[in-house]
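Next come two complexes, and both contain subunit A; in the first it sits with subunit B, in the second with subunit C.
Up next, the complex of A and B:
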């Protein structure tokens, strides 16, 4: 199976400015060197607590933020990706004129394939292939324009219709597909409930026929009974439109239900990554173990052993030395306090950034 | 230890708006026993928060008005008390934790002073003693370096720590009833686990009864002793926690339980409750769940079901399905 998205060493730092001259005094490393692959037609879950950088990751992947570093290949052939990556490795071993020549070659390649190096005009054209559904169904819809125009805005920008009539047809078709009564085309967003607004947000994202949808906490603001309705809709749309999803969430039971692959983030880094069943069965990282054990279960008959984490998530402005998780970790060793662990792969397809798995294959 | 501490009888809290009357809480009755954790669960707009505000005497008037019923606290009707009498009880015998730990604290006052303020109202302790007691409470809720923390301001603390401070404030007078309105909704799961753990520990230690209000059935399952389920301002089912989860009766409760994903059971097929909560302004005359119910019958449309008692242990349900079997 080929990958729709491959991201390498993605970084997004926000400068902290201070003083009259607004000098940069430091950086918030919201996303700090993450790599991720999303297979076509699959759903990848990105989970973590607030402030771990999952939303920033989503926004950078949809190119709403310009990354500080990294590459993203979107719908690129594996051969091409390999070519670029090999070239990058090769450059490091070379020097002098040979190196600069290869550099130029890499530069032209990236301008053609890496979404983050594409010329702006080119990127804007391709934006319709990846769209985002935002977390807050109340804040993400313009209250001053009718929902028809909210859904149709992308169509206008990308000139995807010929006549007004056609535009209306496309919009009403989208409304019907996402479960909104098409006759409400001229209503305003405040006339809709939270669940319906989320449907409008989904219709808007679908209007451009994207290949990838980044869903940022699409159900966390909704009531339990409405959550299932939206999850059901997303499942149906995925098979109807051959969509690939990046599902950003903090609710681990919803992620387990909805995603095939899961990546766990902590303080800007992906600390564990695996197919769903592997991750939930053999939780390797102590953070994943604690996170999953903290999820309450709607069954009063089972009593579970719970790992209660001490303290809070540290500030990403001044993260702790060594492994970022070590001050809260219940299996902390001496090495964790001084040196950041590399990414190990103790089992095929299951990677973890933790010193406990020292001796396993290093993959990053 | 099985005395009823709070008894709500046929409470009706309505809001009179320009568009019409919203029956936010409509004829709701339940009671809380000494030292027990009662879970009040329902979706947004079901009236669970208005119930708690009614107990605290904090319903905004107008547009709100308590149109009927009784709220008996240790036998005395809170609704008949003067504001002065209520104030003696509030913060002393009945206290409340709110959903938003970010806005419930005063940003320009030191944490220690805010906790000690409670004692200023309700005790004769001098300033030094009050401060000492505040520091002691900060320590009790598990915050390291309590002396230092007492001198800091809310913005210097994380959401989880602020919620701990609010709990410290709520428990300082060792209340007989603690109302926790969505105490962990704004917090991350690992912090939620810490806070719920703390509430349970303090419930054991101080024997305060807790009214735990939440939309999260999992939180109820793990923490409550008994459960009241509300829908559109009405009580639809009530039972002890095991009965409710093992043997739910109301189609709404059944549907809700089948609609939540459970950790470790990703292949569970989720049940979908179609439709949305009806507009509370013009509620149909029948059962409020009628339009979404999979087992609705003809009479459900026009006739509001009575509350039916299913056994002798207080399993109550408001549904026509059970009318033939039992009557009250």
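Up next, the complex of A and C:
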């Protein structure tokens, strides 16, 4: 199966400015070198504690934030991607005039394929293909615009209709598909409940017929009964619209229910990545173990070992040396305090960034 | 398993603006104040159209009827001044100037404030630095000084004075707009619009500006208060508009007449100004309360 999205070495640093001259004194490394592949039609979950950079990662992937570094290929053929990556590696080995020539070649290639290097106009055109559903159903709808116009905004921007009547039909169709009464087209967002607003947000994202939908904690602000309704709706839409999801969440049971692949984030890095069943059965990274042990089990008789994480997530301004997780890790070794672990792949399709698996295949 | 929405006969939504207006409508004091303001506007209109010879009575000299005391003659309710002109008519003509001055300076001020406020709030960067520098400079100089020097240089015409008020008045509004834009550009609905591919122009004018517009409306209303007070000050130092009666010039005249026991001009101008400013303040406050999105659930 081909990949819809391939992200390489994505970085997003926010500068910290201080003093009268607004000098940059440091960086908040919200997303620090993550690579991710999302195959067509799949749902990938991105989990982690609050403040670990999940939302920033999602927003950078949809190009709302300009990344500090990295490439994103969207719906690009594997040959093209390989070509760009090889060229990039090649440049490092070369020097002098040859290098600058290759640099130019890479630059033109990236301008065509890498989403982050596209010119602004081109990017705005391609935004049709990847949309986002936001976390806060109360903040994600403009209070001064009727919901029909909120849903139809994308159609207006990309001129996707010929007559006013056609526009109204598309909007009402979307409303029906997402479970909002189409006769509410002229109502305002404050007249809807949280669940309904989230449906409106989903309808807005679907209006452009995207291929990828980034769901930024779409259910965390809703109560449990509504959560299930929204998840069911998303599942139904996935098959109806042929969608690929990147599901950002902190609720591990929701992720287990909803996602096929799971990536665990800690302090801007992806520490473990695996298909759902493998990850939940066989958790490799100590952080994942601790996270999953904290998920409540609806059975009072089960005895379980909880791994209690001590302390807070370190500040992303000055992350600890070595492995970012070592101050809180219960299996910390000497090497963890000194050197950052590479990404190991102890099992097929299951990668982990932890020294415990030294000796396995290194993949990045 | 779709959530069934209850169908009612009521389908048309009420926009937040409609709701604010409904809230304002229910505020009786504010509506009374608005009524007074409307009466003032009608009075000014009557004066301009010379209904009941208001315009004539305000400008024609009649030396037989000088210094009539207020409340003694029914045809000259507030008496007459040193040229025998009807003081009530002059106060009414002054209303026109005050209203017009507030209106024009507001109209001049708002586009400047929107331009600088929205662009510097939305883009930050170098434009913000430059705009903030300009604003700081204007704020650092006392406003009256700018107005006085502008009038000295460019003359004492109506539009120069309105322009002078706009030049000093836009900074406060621009700062409020800038702050709201900085806040709003991180709102999720703005990000959502960006995600749909909306350009900056669309985001600024369709998504952010309507949500900060209540600041502008309130500022426009309260601008009248500031302008009227400043006009009185200008007249008192002898720099108001020449050749037309204003509340300021009436008060200026009365400072000499008071010594000879004539208080016609004083009472008429103060009374007119007092009632107008109080009503406008009450209305402006109520408008601010009703438009404030934070109070939107209080119906």
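Operating definition for what follows: the second predicted complex is superposed on the first by the 364 of 364 C-alpha atoms of A that agree within 3 Å, B and C clash if a C-alpha of one lies under 4 Å from a C-alpha of the other, contacts with A are read in each partner's own complex, and residues count from 1 in each chain.
Everything that follows uses one rule, which is that a contact is a pair of C-beta atoms (placed from the backbone, for glycine too) under 8 Å apart; a residue touches a chain by one contact, two chains touch by 3 or more.
Bear in mind the structure is a predicted one, so any value in this text is a computation, not a measurement.
**Q** First (subunit B), second (subunit C), both or neither: which does A:253 touch?
**A** The answer is first: A:253 touches subunit B but not subunit C.
**Q** If we overlay the two complexes on their shared chain A, which of subunit B and subunit C does A:146 touch? Say first, second, both or neither.
**A** After superposing on A, A:146 lies in contact with subunit C but is clear of subunit B.
**Q** Could you look at A:134 and tell me whether it touches subunit B, subunit C, both or neither (first, second, both, neither)?
**A** second
**Q** With both complexes overlaid on chain A, does A:93 touch subunit B (first), subunit C (second), both or neither?
**A** In the superposition, A:93 touches no partner, neither subunit B nor subunit C.
**Q** Just subunit B (first), just subunit C (second), both, or neither: which does A:229 touch?
**A** both
**Q** Between subunit B (first) and subunit C (second), which does A:62 come into contact with in this model arrangement: first, second, both, or neither?
**A** The second partner, subunit C, only.
**Q** For A:125 in the superposed arrangement: first (subunit B), second (subunit C), both or neither?
**A** Second partner only, subunit C.
**Q** Where does A:195 make contact in the superposed view: on subunit B (first), on subunit C (second), on both, or on neither?
**A** Both partners, subunit B and subunit C.
**Q** Counting only touches as set out at the top, which of subunit B and subunit C does A:184 meet: first, second, both, neither?
**A** second
**Q** Starting from the residues of subunit A touching subunit B, keep only those that also touch subunit C in the other complex, and list them.
**A** Overlap of subunit B and subunit C footprints on subunit A: residues 195-196, 226, 228-229, 232.
**Q** Can you list the subunit A residues touching subunit B in their complex?
**A** Residue list for subunit A touching subunit B: 49-50, 193, 195-196, 223-229, 231-232, 250-254, 256-258, 276-277, 280, 290-292, 294-301, 306, 308-309, 312-313.
**Q** For subunit A, which residues are in contact with subunit C within the complex?
**A** 59, 62, 64, 124-125, 127-128, 131-132, 134-136, 139-147, 153-154, 157-158, 179-181, 183-184, 186-188, 190-191, 195-196, 199, 201, 204, 207-208, 226, 228-229, 232-233
**Q** If we count contacts the way the header does, which residues on subunit C are in touch with subunit A in the complex?
**A** 1-3, 5, 7, 11-17, 187-189, 191-199, 202, 206-207, 210-211, 293, 296
**Q** In their shared complex, at which residues does subunit B touch subunit A?
**A** 43-44, 158, 160-161, 188-194, 196-197, 215-222, 241-242, 245-246, 255-257, 259-264, 266, 268, 270-274, 276-277, 292
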